[in-house]
Structure formats: structure tokens, C-alpha cells
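Below: a set of structures, written as C-alpha cells.
Each of the two complexes below includes chain A, the first together with chain B, the second together with chain C.
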Partner chain A sequence: MGLLTNLRSSISRAVSSLFSEEEPKRIGIYGPPNAGKTTLANRIARDWTEHGDAVGPESHVPHETRRARRKENVEIERDGKTVTIDVVDTPGVTTKVDYTEFLEHDLEKEDAVRRSREATEGVAEAMHWLREDVDGVVYVLDSTSDPFTQVNTMLIGIIESQDLPVLILANKIDLEDSSVQRIQNAFPQHETIPLSALEGDNMDEVYDKIAEYFG
Partner chain B sequence: MPHQCTDCGRQFDDGSKEMLSGCPECGGNKFQFLPASQSADTPPEPPGEGVAGDSDTDRSVARTVGNAATAVKDFVGGSSEPTRERPESAAPGSSTADETSPSSSTREGPSTASSTASTDREIGSGQQSSRQPGQSPTESEPAAATMADTEDEAQASARSEVISPDELPSSTETEPRWPGEKPAAADAGETDDTAESERPDLSELRAELNQQFESIKVLEPGQYELNLMELFDREEYIVALQEDGKYTVQVPEDWKE
Partner chain C sequence: MADLKKPDGVQIDLISAARMDGLASMEKIRLILDGVRDGNIVILEDGLTPDEESRLIEVTMTEISPDEFNGIEIETYPRSETADASFLDRLMGRQSTNKLTVIGPANQIETLHKDETIIQTLVSRK
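And then the complex of A and B:
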């Protein structure tokens, strides 16, 4: 049943992409909390939209992004061609949300509980978007932390089963204990692009690949 | 050389004790396992990737679903799987098993589930009545299996004396890629085939997940466990959790009971 539904949705996706070549692709930025998804979304928006408005606030506190946010019609120019995408910044996906984690970041209990609840709703929403509403995925990982997690394996597995194009980004290469190799080892079936969304390092290659994968 | 440090790439012989206290080169404590048949000429790769260039997409989907399936099984059956080499991911898995083991053993139907409703509510329990209680293959596994990550044959036999071999899901369902899940079978090539042929399909995976818990489990206000596969699979999705455990869902227009 689920397989049939998946098949149906991927067929309809394929059909719609056949007939609406001009529609911007909707690219979901996925990944675990605090990987730098919003920082990347903001970087893309700053680099390629007229006003450069931020997609959302960035924060060291996990689950700052608790609703999927979209930036439409981002036009990326590569080699004289323009690739138009809609960028969807999603909440960090996790299997466990615990308000006590936020207490360490000086949040009051009431705020922490609310943040936790909203984050949980956000994950549900992000998973739902993945099922129906994205045409491709930019999967952002913090290259200073271990990529061998259940969440990463499961999400990449789901993305693969949907036949969605996926680009894996090893973020935070400006930090000392970053290891891009570790991410390449974790997902050897996909291309891994190193970058620092915060510092803007290697963004040219990121845009090249976005244009190549999703253009 | 079946074991490889994921940080520096150093390789170790099957059953090597060198890596027990971390990689001597870089101190890394994550290793991946390469079956002997693969390590000679191919890079490490998960089973889902072997058909990347294959035009048979059905097969590709099945394998990638299997890939996800194994991951999900690891997650929900965390207590039975080796945890030492994946501390971060094992943490939620272990506690999930702690939560689900006692409740699923008593979960004969909705009525018993409601007895713990104050702290253990489940959202989207509509499928609960279809659960088959007591079928989870993982909940009876002892925690002793957690040391299996570097098992050699002696360790494997020691482990299989505690649990009978057919109770060991890890011997048939795991991906050789994970270091901790090296099956007891000595022949690594054969292991690969077995893992592939017996990987569960999506319906089996779903059935097993339904035995564990539904989309979102409210441990207490502010503490939630999420079943990503179920969240992904559901047509309706949760749009608002409330403090008392109630929730609002949005359903598609053509949604039918």
C-alpha cells in the first residue's frame, strides 16, 4: 500500500516534471538539528535574491526552525544559464525531542516545553513535505559530528526510495574538528560537497552542483 | 581487511583486537565493516547503492527501502543491537526499547494501552487494534549483545549460546556495512546474499513499526519520541500538539477511512 502510494507519487512527480519544465523545482533543505540548514538557506537567499531577505533566524539552540519556510523563485546563474528553484528550509529531523535539552540554553521551562512541542510538529511537517512536496533534497550535515546516525541513514534511505535527487553537503568545514571524509564514508553512494555556509567557503561549487542536480 | 576506521581509513583484520580501544592511528572509535568479498576491489558501500547505475528501478527502490528498513529496525530494536560504535544513534533506540518493551508485552488492545495514558499517550492510535502483540523479535534480546561489535567466532558462539541462533535477527537482516552487526556466519560472502534475500519489505517493516509505536509518542509534555517512517508514511499529518496530549490533524481532501 505504502509502496504503491510511493510509486504513484513518484510517477506523478515524474509526469509533472515532464510537462512543466519551466516550473521551479522545490528543493528541500533537510538534515539533523543544528547542521546549518537555515544558515545555508539564508546564504542562498542573500546571494541570489534581490533583497537578500533572510529565510529565517539562525541560532545555536537546536530547533530554532520549527516550521518549514520557503523562499520562492531563487534564480541561480551558472555558466550563463539560470536555474530557478524554490528553497524550502525545514526543521531539523530527529527521533527524540526533549525540552530539558533547551533548559541548558537558558530557556525557561515553559518556553522549553513549547519549543519542544513546536519542534515535534515541525519534524512531522518536514516528513510530510518530504513525502509530497519536494522535487529534490539538499541534505546538510555538520562535518564536525558523527554522520553514522539512525536519522541520517533513515532519511537518506527514504529520499533514495522516493528517487529524489539528493546532494549531501558537509557543512562547517571552517571548524577545526571537521571531517568531510567521515561523511563521504557514511554515504559513499552520493556526492559530498564540503562548505561553510557561515563563512561562505566553497559556495561556488555548491551552486554548481545545485544547478547540475536540480536545474 | 573487513574493518575500517571511518576517520582515517586504516583497515584491520577480521576479529582484530587492535581496534577495541579505538583506532591506534587517529583515536577514532567508529569503524565500518567490509565483507572479505568486497574489500579487495570495491569501496565500502551500503547494499542500497550497489545498483546505482542499474536501470531496474524497482529493485533499486526495494533495496533502498530495505536500507531504510534496516535503519528503522535498528532504531526500534535498539536494545538488541550493538550500541558501542554508534553511541549517538543508539541512545534514542535504547530508550525506545525501554519504553516499548514493557508496554508491548502487555499491549493486548486499546484498553491496556489506555491504562498508561497519562504518561504514555500515543497519537494516531487508529491502527492500534490491528497490532499483533508479542511479535516483536527484538524485545526479548538481552543487552549482552551490545558487545558484539568486534566479535570473532568465539565471541559469536558465546553469544549464540545465550540466544538460540534463530532468535538473532542480526544474523539475517543486517547490512554488512555496519561494523557492529557482523553476523555469526563465518563466510562473509554468503552473509551478503542472506542479508539481501531476507531483507524485509515495506509491509513487514510497517507491521513491525506499528507494534512499537505510532507517529509521535508523548512521554510527557515537552518530551516526544518520533517515528519518522510512520510520519513519512501517513497521509494526514499532525499540525498541532496541545499540552494535554490532544492534537489536530490535517487530512487530504480525498482521505477515506
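And then the complex of A and C:
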């Protein structure tokens, strides 16, 4: 599996690089809700864009991001070279949305229902982007949670079936319960990079790998 | 049939690979979601392809409605390296699905435990 996957990724990257002069690759930030995708997107935007505008609001309430948002022409400099990508922050993917869970976060029923409706639209949008419109994936997981879920297994399977290059990020390593090893064990066929998008820990390695995988 | 009073219980639809083979992707998804929305547990002898799984998530999202349908719970055995498609299959882009898949309404099915050899779920009545 590993050899073939690497071979196919290399071919796909080599083919893609032929067109790299034309337009930046669109890199989708995917993962389950509350993994820290928007926090990562915002950090990348702050670190590498002129005005450093945030991609979207961050929150501990699930499904804060309910629309895919694209930050264009993010220029990441590594080893004297510049890699230009479009960062697409996507809503967290799930197979179920229950508005009553938002009530636990002190939302009124009307707001919770609206949030759940927008969340479902956002997940559908994220899936559409994944099938049609991204050239590579940064898959963000909360390293304090069990990565061995059906949504993660399905999404990684979908990404692999499309031969998209994928970098797995084990986020929230600043928290006590974090276990990067658990993520490595769940997806041994892919490289896992630890980070804290919130604190900015290990971002140099993250940018090195983004440049390597998507440059 | 419509006049018969349904006994109190949970209906399980075991759908054979042969039945699914003859269906287009959207027909498969419709078959699954129609069953699940009726409160049934759908078990597929042969699973869906990754592309069909992606569309299943997308269509499920469009059908979620507050106080009526919260979405689905889906479980399959993890794809193991040894049970994966052969080298030639993968080279030719063929994907081996071949994994038992359990799908049910999110508010009626709860996964208790899952590993490479067993899926334990708790199913409750509507």
C-alpha cells in the first residue's frame, strides 16, 4: 500500500507541478468538527499574508465554520523558495447534526435550528469541494480525541481514492491529554505532524511539510 | 401490507451484494436513506465505494430536518492493508469495497465498540 501510494502521489505531484506556474493549488483543510481547522487557517493567513486577515471566526461551539472559505495566494517561503497556495477552510465533516446539542452551548432554539441547518449545508459543501475542487488536503485531528472514528476512516478513504496528497496534522499538542501516537497508529500509511495551531507550536515543520507536499 | 399494524420492534434490512450490484450510485443511496428514514437498520453485505460514501454524506446532509431526521450513524470494519485490493486492482484504479456496513438513524443507533474484527452497536426503538 505504502509503496504504491507514494508512487501515485509522486506521479500526481509531478504532473501537478507542470501546471504550478498557472495557478496556485487549492489545499483543503479538512477534519471533524472542533479539530482546530479554522485556528490553523487563521494562523497560516496571519503568518504568510500581507494584511494577515483572519479566514474565519474560531469557537469551541461545534460547526462555527458553516461555509467553505478560501484564502487566495498564500505565499509560504521555505529554503529561499516560495510556494503559493490557496487555503480552503472547510466546515467539519459529520454524518449527523442534532440542533439540540447546540442548546447545551446556551443557544436559543431558533438560533440552534438555524445553526444546524447551516451546518448541514456546510458539510454538503465541504464534500462537494473535496470531490471537485481541491488539489490537496491538510487533515486536522484533535490529538486529545480518539481518531479511530468512522468519519475519519471514510474521509481518509475518500481522499486516498482520489489520489490527493494528504498531510495529517495532530493538533492541540499543548493540551495534557494529547496523544500523537494514537493518530499515527490510526493512519500509519500517512505522515503525521504534531502541532498546536493555537499556540503556534511546531509550525516550522508544518510549513516545511506543506511546501514539500503541495509545492 | 399497509393495513397491517407493525409490531413493536426494529426492522433490519440485510441487503445482499447481488442486490446492490445492479443499482446505480444514487439508487443505492436512496435505498439506504429510505430505509434509515423509516427507522430501519440497514446492513450492506458489500460496502459502498469511497465516492458513494462521499455522496451518501452529502445527500444525508440535505435531508436533515430538526425534530424529524438527525442524520445517520454508519460503521464499517476498518480497511485493513491485507484485505485491500490487489496490486493490479489498485494500479487499474479498481477499489475493493467488500466490507460489511451498518447504517442506521443517528438517534437510534449508537456504536459501543469497534475494532478490526467486531462492531458492537446498541439499537433503540424510535
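Heads up, the rule we're going with is that the second predicted complex is superposed on the first by the 193 of 215 C-alpha atoms of A that agree within 3 Å, B and C clash if a C-alpha of one lies under 4 Å from a C-alpha of the other, contacts with A are read in each partner's own complex, and residues count from 1 in each chain.
Quick note on the criterion: a contact is a pair of C-beta atoms (placed from the backbone, for glycine too) under 8 Å apart; a residue touches a chain by one contact, two chains touch by 3 or more.
Because the structure is a prediction, the values reported are computed rather than measured.
J.: Taking chain A as the common reference for superposition, should the pair chain B and chain C be classed as clashing or as fitting?
T.: The answer is clash.
J.: Of the partners chain B and chain C, which touch A:203 in the superposed model: first, second, both, neither?
T.: neither
J.: Answer with first, second, both or neither: which of chain B and chain C does A:182 touch in the superposed model?
T.: Only chain B is touched by A:182; chain C is not.
J.: Between chain B (first) and chain C (second), which, if any, makes contact with A:29: first, second, both or neither?
T.: It touches nothing on chain B or chain C.
J.: If we overlay the two complexes on their shared chain A, which of chain B and chain C does A:173 touch? Say first, second, both or neither.
T.: neither
J.: Check whether A:44 is in contact with chain B, with chain C, with both or with neither, and answer first, second, both or neither.
T.: So A:44 meets neither chain B nor chain C here.
J.: Is A:193 in contact with chain B, with chain C, with both, or with neither (first, second, both, neither)?
T.: Touch partners of A:193: none, neither chain B nor chain C.
J.: Examine A:146 and indicate which partner it touches, taking first as chain B and second as chain C; both and neither are also allowed.
T.: first
J.: If you tally the residues of chain A touched by each partner, is the higher count for chain B or for chain C?
T.: Greater contact footprint in residues on chain A: B.
J.: Once the two structures are superposed, pull the chain A residues common to the chain B and chain C interfaces.
T.: Dual-contact residues (chain A): 1, 93-99, 113, 116-117, 120-121, 123-124, 127-128, 130-131, 148, 150, 153-154, 157-158, 160-161, 189.
J.: Using the touch rule from the top, collect the residues of chain A that touch chain B in their complex.
T.: Its residues touching chain B are 1-3, 5-7, 93-100, 109, 112-113, 116-117, 120-121, 123-125, 127-128, 130-131, 145-146, 148-151, 153-158, 160-161, 163, 179, 181-182, 185-186, 188-189.
J.: Flag every residue of chain A that touches chain C in the complex, lowest number first.
T.: Where chain A meets chain C, its residues are 1, 4, 93-99, 113, 116-117, 120-121, 123-124, 127-128, 130-131, 148, 150, 153-154, 157-158, 160-162, 189.
J.: Please output the residues of chain C touching chain A within their complex, sorted ascending.
T.: Those in contact with chain A are residues 49-51, 53-55, 57-58, 60-62, 64, 66, 70-76, 78-79, 81, 84, 87, 90-91, 95, 106-107, 111, 114.
J.: Would you mind writing out the residues of chain B in touch with chain A in their complex?
T.: Per the stated touch rule, the residues are 6-7, 9, 30, 32, 43-46, 48-49, 52, 57, 60-61, 64-65, 67-69, 71-72, 74-75, 85-86, 88-89, 92-93, 95-96, 201-203, 206, 215-216, 221-229, 231-235, 237-241, 243.
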